[in-house]
Structure formats: C-alpha cells, structure tokens
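Right after this note come the structures.
Two complexes, one shared chain (chain A), two partners (chain B, chain C).
Up next is the complex of A and B:
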C-alpha cells in the first residue's frame, strides 16, 4: 500500500510548477503594485513613503478621469454594435440554412487573429493625410469637403478606435454566441414551432433567455479586455492618444505615467483604481443581467 | 417575399465579409505601389513595386529578425503551455489532493485577473531578477496558463480512463512515465488546440515586450511594427510591406487551422 501515499505526492508535484510560477509572475507583481501605490518613486533614487498622496492626487486628476471616460466611451461604442451584430449573425446562422456558413464565420473571425498593433498602424495609414486611401476614396466618390484631416478630429479618432475594435471582435462574439445557441435542447424549439411561433419570436422568447450565461460571459470578458485596451489606440495615433488625448485610454495613461514620466508610485495607484473600476463594472453587469431575466 | 428576404440576408452577409477582408486587401495592394503613387491616387489593384518596397523596408529594419524573435518566443511559450498545462491538469484531474478544490478555484480566479494592471510590478520583478531585455518574462508565465489548465483538466477527466492508469501502475510504470506515455498522447488533440490559440496570443502580445525589451535587435514583430512609423515617415510602401509581412503568416496558418481555432474559442469559458 505504499503506492497510494506516494501517488498523492506526485499529484502535488504535478501542480507545483504552476503555483510557483503563478506566485512569482502573477501574484508578486500585484502585491508590489499595491505597495508602490503608497510610495513615491522614480525607479532610480531611493523610494520614499507617500502615504495616501498618490490616491489624493488621483481624485483631482482630470486627465485620469478623461482617460477613464475615453476608455468607457470607446468600449461602449464598440461593444453594443458588436453584440448586436453577433446576435443578428447568430440568429441568421442558427435559423436559416446558409450556404458557405462556415466560410462566412471564418472570414468574420479573421480580423481577431491579426496583431492589434499592426491593425492600429494600418488604420493610421489608411486615414492619415490628404493622400490616404480613405481620402482618395472619398474624393473619387465625389464628396465635396474631402480630403478630411481625420486625425485632427477627436470625435472621429475615438469613433475609429471603436470601429477597429468592433471590426476585430464581432466575429469572435458571433462564434461564442453560436456555441451558446448550439447547446440549447432542440426539442424546446420544436414545441414552440408546433405552437405556431415565428422564427423571430422563437429567437427572442426562447433563444435569448437561454443564452443568458453566454451573454454574461461575453460582457464580462469584454469589460475586462476593453477597459485595458492599449495596442489599438496607441498605434492608431500615439501613446498620448492624440489628438488632444481623445483616445488616451487609462492603460495608456498608466504606461505614460510609469515609463515616460517615471512616476511609478502614481502609475501603480492608477492601475489599482482601474482594477477596481473593472471589478465594479463586471459585478454590476453580472447583477443586472442576472436580474433582467426572472 | 421569402426569396427577397433570403437575398437580403446574403447581401448583408457578403457586405460584412467584405468589411472584414477589405483592409487586408488594401494592405496587399498598397504594399505593391511606390510610396508616391499611393498618396497621389486611389489604388484598388496590385502594382509592381513589391520588390522595391521590400528593399526599402529592409534597408532600415531587419523585419525577419523580428519575425525570428517572435517565432522563438511564441514556440517556447506554446511548448511550456502544452507541457505544464497538461501536467497541472493531470494533477488536478487524477489525484486526490487535499485542498484540491480550493487550489483549482484559485486557477479559475486567476483567469479573470486583468494582468495588464500589474505591469508596473511585473517590470520591477524582472528588473530585480535581471530578466529585462531577455525573453524569459515573455516565456516563463506560460507555465501558469490558467485557461490551458482549466480546459485540459476537463479533457483529462473525460478522456483518460482511470483503469488505464491503474493498469500501468500495476505494471510498474512510474507516475511521470504515465504522464508522458499515456496522458499526453491521449489528450494531444486538446493540447494542439490550446497551443494554436496561445501561439496567436503570444505572437500578438504587445504591452509586455514593449516594457521588457529595449534592445532593438531583440524586438518582436508587434514592437517593430509600432516603431516603424518613426523610421519611415512617409514611405508608405515600406510600411504597408511591413504590415503585410506581419499579417500574411497568420492568415496562411489560419487557412489551414481555422477549424481548430474556431472550435477552440469556445473552450475557454462557456460550459
């Protein structure tokens, strides 16, 4: 019987590397960031205690509030159309026999695979300058006021960031929602059709409530990712999110405060507040979406 | 009426497909025209300046070096993810561990951690360990890849029969040998899926190499792309060429593995 005990030991040995690496690369940075949020440090000179100074500073930091607003706005203008597009596509794919369905789905998902940094640069090139492809196209179409100075407009630049994110993510969301739909018991539909329900009715009354878990998953993962968005806006214009910081997200602000201004203490505080914002938003949307359906 | 509806649906689907593809098409077209032509008139079909743009790009940027760096990192990342992911999963799936449930829920919770928000701490950790400007910070975290563990635990539970493991034990096989000779081969399709998905994630990773790597010879593809605007200023042909080189390998891989990738997407969180 010596086997049983040594076997259990092997179980621990197998999971040990995960936890060692998780402690070092996952937990330690979090603890260190929390610690730094109470310090003042440029990374070179000795660290000094700052008490709550960083936290007070944050409360009065208009730029931080501005970046948080940008982040939320860019996320919402991306996310709502993204879920709507995905729902419409999922409805079409699940209710109709579409020729080439998997080819369509494969195409919609493609932008999600491509390096976000490349996509930021690409859309910069397509829209920047009077000779850019977008302006050439508008001129060719006979738009009078073209060429536009697109990246001089904060509103347009923000919208373009949202558009790129929508473009990168609607296919992914479609795949996830369709997976939720395929897990529904088909007999539920049959019953509804026998009762004379139309396709649209079935989708709204049966499918939607049953994919609630999926929608919650999509929303929360999108909040977590969207509130940290960095690659696309940073490469669309620059890391300051110009024009006029219109697309400077909170993650970009953390980067700039830390690695450009060397205010590592303050950058840590901003990180933690952004973490709290993400936690609260995720929690609220979870509660809201749970309650909506009773 | 029904017919018209169907046609409209197809029109909608095709327009969306074009929306998804056209930017990539424009990359290819613009990468094949001289910089001056790109900005002077609209180009909708490929030109003949591929080679010139390539030469202009290579004059200031060793893009293939960045390619090789990214490849080295991503392959190492994926090997560690596959190996340690299935090892951790084996531990959770087939051994009675005291506190196993709590430990497993820690794994689940770590999936929800917004990792980018501890980037400052991550930077100083690697500074202390002397790992700045090395690839270790980009590779080693693969050992603690929670979503791989989550997915593979489920898979090992359902596809590796307990009887098979018992049988191997009776024949005197050690636990490590069982892991290598029985578990890994049985779940290799799942490992493959996990590897493909994580390859893409690692390949596209931007913020971590941005803060860790400062030596330009060690730049990864995304970092090279992000600094390129400052190098070429208005040589659009060269920049489009760089984007093309960063995009095409992924599209080619996707053409062969799209089934794995799309099916793999739903492994993460949806039951």
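Up next is the complex of A and C:
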C-alpha cells in the first residue's frame, strides 16, 4: 500500500506543472476579468469602482448585439458548407480508391497554414479598389456596372469572411472526419456489403452514426473558435470591421473597447458575456447531438 | 529530472534581467531602454553613443497597435517600464494626458529654454491640458499635395507648384480640376482618407470641447465634398496603405497624393522608378500636420539625466537632426535644421525641387490646436459616417450613426 501511495505522489508531481501554468495563465486572468467588469479602468490611471455600471451599459448596447449577430452569421455561413464539403471529401477519400489521395488531402489542408495577415493582403489584391484583379477581370469581360466597390458592401465582405474561413478550415475538418471514419470497424462495412447495401446506404446508415462523436467534436470546437473569430475579418478590412461594422465580430469589439477606447472594465464585461454565450451554445449543440442518438 | 532542469532553465531565463526593460547599469555604463514604434530612431543611436561614452541605448521596436497595451502592462506592474517610449501622433495625446511621461519643464530637464527652436505645432502636440510639456518629436509632418508633373503639364498646362497650389485653393476649384483630370482618364486623388486628413485640420474647434461633442461645419461640408469625389470616381476607391493605393505611384492614371512629408519619404520616393523626376510638391489648400513619432521620458525613470541626454540629442540637437535628415530625407522638428536643408540641392524624384522650401513655408503659418484624446477613434467614426453617406444613407442618418458610434465608445461625451 505504502509503495502505491508514494507512486501516486509522483503522479501528482508530474501533472503539477500543467496546473501551475493553468492557474497562472488560465484561471487567474478569468478571475481578474470578473473583477475588472465591476471597475472603471483606462489602463494607466488608478482603477475606480464602477459597481454595475458596465453591466447596465451592456444591456443597452446595440453594437454588441450587432457584433454577436455578425459573428454568428459569419460562422454559420462558413461552418455548414465546411462540414458538408468535409463529409463529401471524406466519403470520397474513404470509399473510393483515388490515385494521389494524400496529395489532394495535403492541398486541401494547405490554406490552413497561411496566416490571416497574408489572407488579408491576398484578398485585398483580389477585390479592393477599382483596379483590383476582380474588377480588372470584370471590366475586361465588359460587365456594365464594373468596377464594383466590393469592400464597401456589407453583404460582400461578410460573405468573403465566411468564404476565407471555409477555405482555410474545410481541409482540417476533412482530416478530422477521416480520422473518425478510419476508427470504424471494417467488419461492419463488410457485413453491410454482403447484405447488399450500396455505398451511399453504407455511408448514411453506418459511417454517419458512428462518426457522431467526431462531428460533436468538430461542431463544439468550431463554435468555440467561430465565436471568437478575429484575425480574418480584422485583416480583411480593419479592426472596426468596416464597411459599417459589417464584419466586426464580438472579439474585435472587445479589442476595440479595450485597446482603442481604453475601457478595460467594459471590455471585460463584454468578454464575460461572450464567454457565457459560447458556453451556452456549446452546451446546446452537445445536448442536441446527444439527444438524436437516443 | 531533465524536464525539471529545463523548466528551471526557462524560469531563470524569464526572470533574468535581460527580460526586464528598465535601464541597467554595468561597469559605470548606463543602458537606456527605448521602446520605439519604428526603426527611424535607430539612426540617432550610433552618433549618440559615440558622443556619450557612458550611455548605451537599446531600442526595441513595437508596432503602434501593441505599444499602448504593452505599456499598460509594464506600468501597471511597475517594473520593466522603458526609460523612454514613443507613440504615433494620433495616439500620443492619450498618453500625454494620462500623465505617464515626465514634465519636461521641471528639473532636471528644463526644456523651456529650447522650445523656441522647435516648430510650434510639435510643441503644442506634446503639451498637455495643464501646460506641461510631456513629449516632443524629431519629426514634423506638414501636409502637401504630391503630384505628377507630366500629368499636370498635359492636363493643366503647367507643372509649377505655386500655380498648382492656386488651382486647388477652394473645394470648388479642386473639383473643377478633378473633373478635367477625369475627362482625360486620370484619377485626381488616391484616397478619401488623404483628403479627410487635410480637411479635418480646417476645423476651428476640436471634436470635444468641455466634454461636449462638436461637429464643426467644415466637417459637414466635407461630407458633400467626399460624396462628389466618390460618386465621380475622382479617387481610387481604396483606403490608405491598400496595395492599389501604394501602386498609384507608378501608375499613369493617378494625379496626386495629399499626404504629409512622410508620404513623400515613405510612399512616393521609394517607389518612384519609372516616374523618377516626374513628381512635385505643392502646399496643400488647407495647411495641416498629420503623423510623426512623439518621444517622452518615463516619469519614474531611474536615469533622468541620461534619458534627457538621449531625448535632447534626438529632439533638440541640430547636428544630430541634420545628419538624420540627410540620411532619411525626413522633415525634422528643429526650425534651424529645416532652414539649412532648404538651402541645399533638391530631390531627383522631384526634378530638383527642394521639398524643405515648401514645407518650411507651410510650417511658418498658424495652426489650430485641435488634438484630443479621442481623435483617432472619432476620425474613424466620422469617416465611416461619410462612407455611409455616399453609399446612400441620408446626411442626417449618417450624422446620427456618427453620434451613436461616439456614444457607444465614449459614454462620457455629451451629445446635444
């Protein structure tokens, strides 16, 4: 018994570094953020008590609701096509024998490695201004109303943000879903084929139910990441999400309130609410996908 | 054990003196820590170290967007604050008013006796609302119209800077010239933002007076000017620093940039290869100043004397600024240096024109002191409202949007 106990102590010692780091860089900032949400602080002058002022301010803040809407919209328009594309690709890759499959897989994954700043520059060159590539192309094709003022259109910039996110992330999602598919017992497929099932039937009746856990993982991580989108829209236009805040996400709003307007108390309040929104959305999607299982 | 060793090694590195920013002293040599927003200040360091053997200067470059955040962290923690730090003109007023910089009028700095040598707008920018001088710059950034000589000659019949300046004197005349340019397939200006930076200087009152929002009539007029410019395609339709904005330098269809002296130094001059000798600089219809890096001394620096030596070398030493200007082509903050440079040879890019002559003329005029701590945000909000206006929102709706943005960002500002 004694030997076991002393071994357990070593176990704790080995996991200790993680918890120390987590306490300092994870828990402490969260507690500090809660504290800041009841303060008024510009970062330089002494903090003063604000009571519930920041929370009342949030209740009347249309801009925050607007940014939450932007974030959800950009995320949904990105996420649904992303999962569909990934499912189709994963099905093709796992059901059919394609030459150079790994080359395809790598190519689809590549956009994920490009930094958001490069993406911003790339899509600026393609669409920003009357001399941009897209406008030159449209003018050359004789489109009457060209050149278009793409970056002044809220709908277009929102769609473009979603498109870039889709383009960056569908390869990653494909890889994750394929990993889920490989973990399925091949004998299930064999049994299904012997019973005369078609490829589509096998995918819908066997693959899909068995990768539910993977899909839950993909959805929840995507919600968590998606509700915090910052770099792509901020680099596409600017941190204010121009034109007319069309692509200002909640994270960008927090940044602007903190570092542009120097309201750290209010920025903390907004981040706490965003944290709650993400928690609730993750919980709901988890429940929803689990319930279907029963 | 190796992991624990590695962990200890990392912790040791993180807590070692090399990671804390404040000045350090070793063998009688003081090392000053300077946080800079750009590389330019490094040009002063070799000369300074050579003439001040007891002082070393360590410059850390931090981008504008991160500077304030990084300063907040070190100032809040009270350790690792650099001896000197700077910020861009649009953001400096906030730091100046926040009281993080030493008051340079006091001992041991006594800056008062030198201030007459510096262009007044630079001093104004560095002075807080109580009259304390907190920061100065080694640059002054007078505005200008940087235009193409060949296009001017072809369309307007002259490339003379004085004549071009007269042709652009009022908004009406400006629009007439823009229409003439358009008829020849030439775009008048690069960006509405360029125009805005100039027009915002035409106000008589700052954005906020006694806690109340002030929308100067000039700004309302600007809304219509911008709408006309945009609807007629007199601009490239991009923001500053967009790739197409930069590419305008070598294009055959852009007439001018309305930019401060740094616009010539950083945008036009380095890119002008095909258009070498085809550029000229004219005084802008509205004299204005925009940009510049402002430097100040941390109020609690342990080495005020050494910090002052470096500060005054950069901002007040004529020989140092002259050397710097010769190296970089920048327009500097000491009057005597700019006057000396105005007597020298002109620039090849400008077909021999000496830009210092034009800029000195402009700097000698009067400028309204308009800076507030809100400027960078409020300018952005207003420009957004202008865009909403030319995209079809009514003028009242656009102004209401501006006011809503101001209310959202700064609930303390009273809007009547």
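By definition in this document, the second predicted complex is superposed on the first by the 275 of 294 C-alpha atoms of A that agree within 3 Å, B and C clash if a C-alpha of one lies under 4 Å from a C-alpha of the other, contacts with A are read in each partner's own complex, and residues count from 1 in each chain.
In this text, contacts are C-beta pairs under 8 Å (C-beta built on N, C-alpha and C of every residue); 3 or more make two chains touch, one makes a residue touch a chain.
Since the structure is predicted, the reported quantities are computational estimates derived from the model, not experimental observations.
When the two complexes are overlaid on chain A, chain B and chain C occupy overlapping space and clash.
Applying the stated contact rule after C-alpha superposition, one finds that A:240 touches chain C and leaves chain B untouched.
Shared-chain residue A:231: touches chain B; no touch with chain C.
Set against each other, chain B and chain C touch different numbers of residues in chain A, with B touching more. Looking at the shared chain after the overlay, A:57 reaches chain C, while chain B stays out of its contact range.
When both complexes are overlaid on chain A, the residue A:221 reaches chain B alone and has no touch with chain C. In the superposition on chain A, contact is made by A:45 with chain C only, not with chain B. When both complexes are overlaid on chain A, the residue A:26 reaches chain B alone and has no touch with chain C.
Contacts of A:262 after superposition on the shared chain: chain C is touched, whereas chain B is not.
Across the two superposed structures, the residue set of chain A contacted by chain B and also by chain C is 17, 43, 121, 124-125, 129-132, 259. The residues of chain A lying in touch with chain C in their complex are 17, 42-45, 57, 61-63, 121, 124-125, 128-132, 147, 149, 151-152, 238, 240, 242-245, 256-257, 259-263. Note for the complex: chain B touches chain A at residues 6, 9-10, 12-13, 16-17, 19-21, 23-24, 26-27, 30, 38-43, 84, 87-88, 90-92, 94-97, 100, 103, 106-107, 110, 112-125, 137, 140-141, 143-144, 146, 149, 169, 175-176, 179, 200, 203-204, 206-207, 210-211, 221-223, 225-226, 228-229, 236, 239-240, 243, 246-247, 250-251, 254, 258, 261-262, 265-266, 269-271. Per the touch definition, chain C reaches chain A in the complex via residues 7, 65, 68-69, 72, 75-76, 94-95, 98-100, 233, 236-239, 242-245, 247, 251, 376-377, 380, 384, 387-388, 391, 401, 404, 408-411.
Within the complex, the chain A residues that touch chain B are 3, 7-8, 10-15, 17-22, 24-26, 28-33, 36, 43, 85, 89, 92, 96, 98, 102, 104-111, 113-126, 129-133, 136-137, 139-140, 167, 171-172, 175-176, 179-180, 183, 213-214, 217, 221, 224, 227-228, 230-231, 234-235, 251, 254-255, 258-259, 264, 267-268, 271-272, 274-275, 278.
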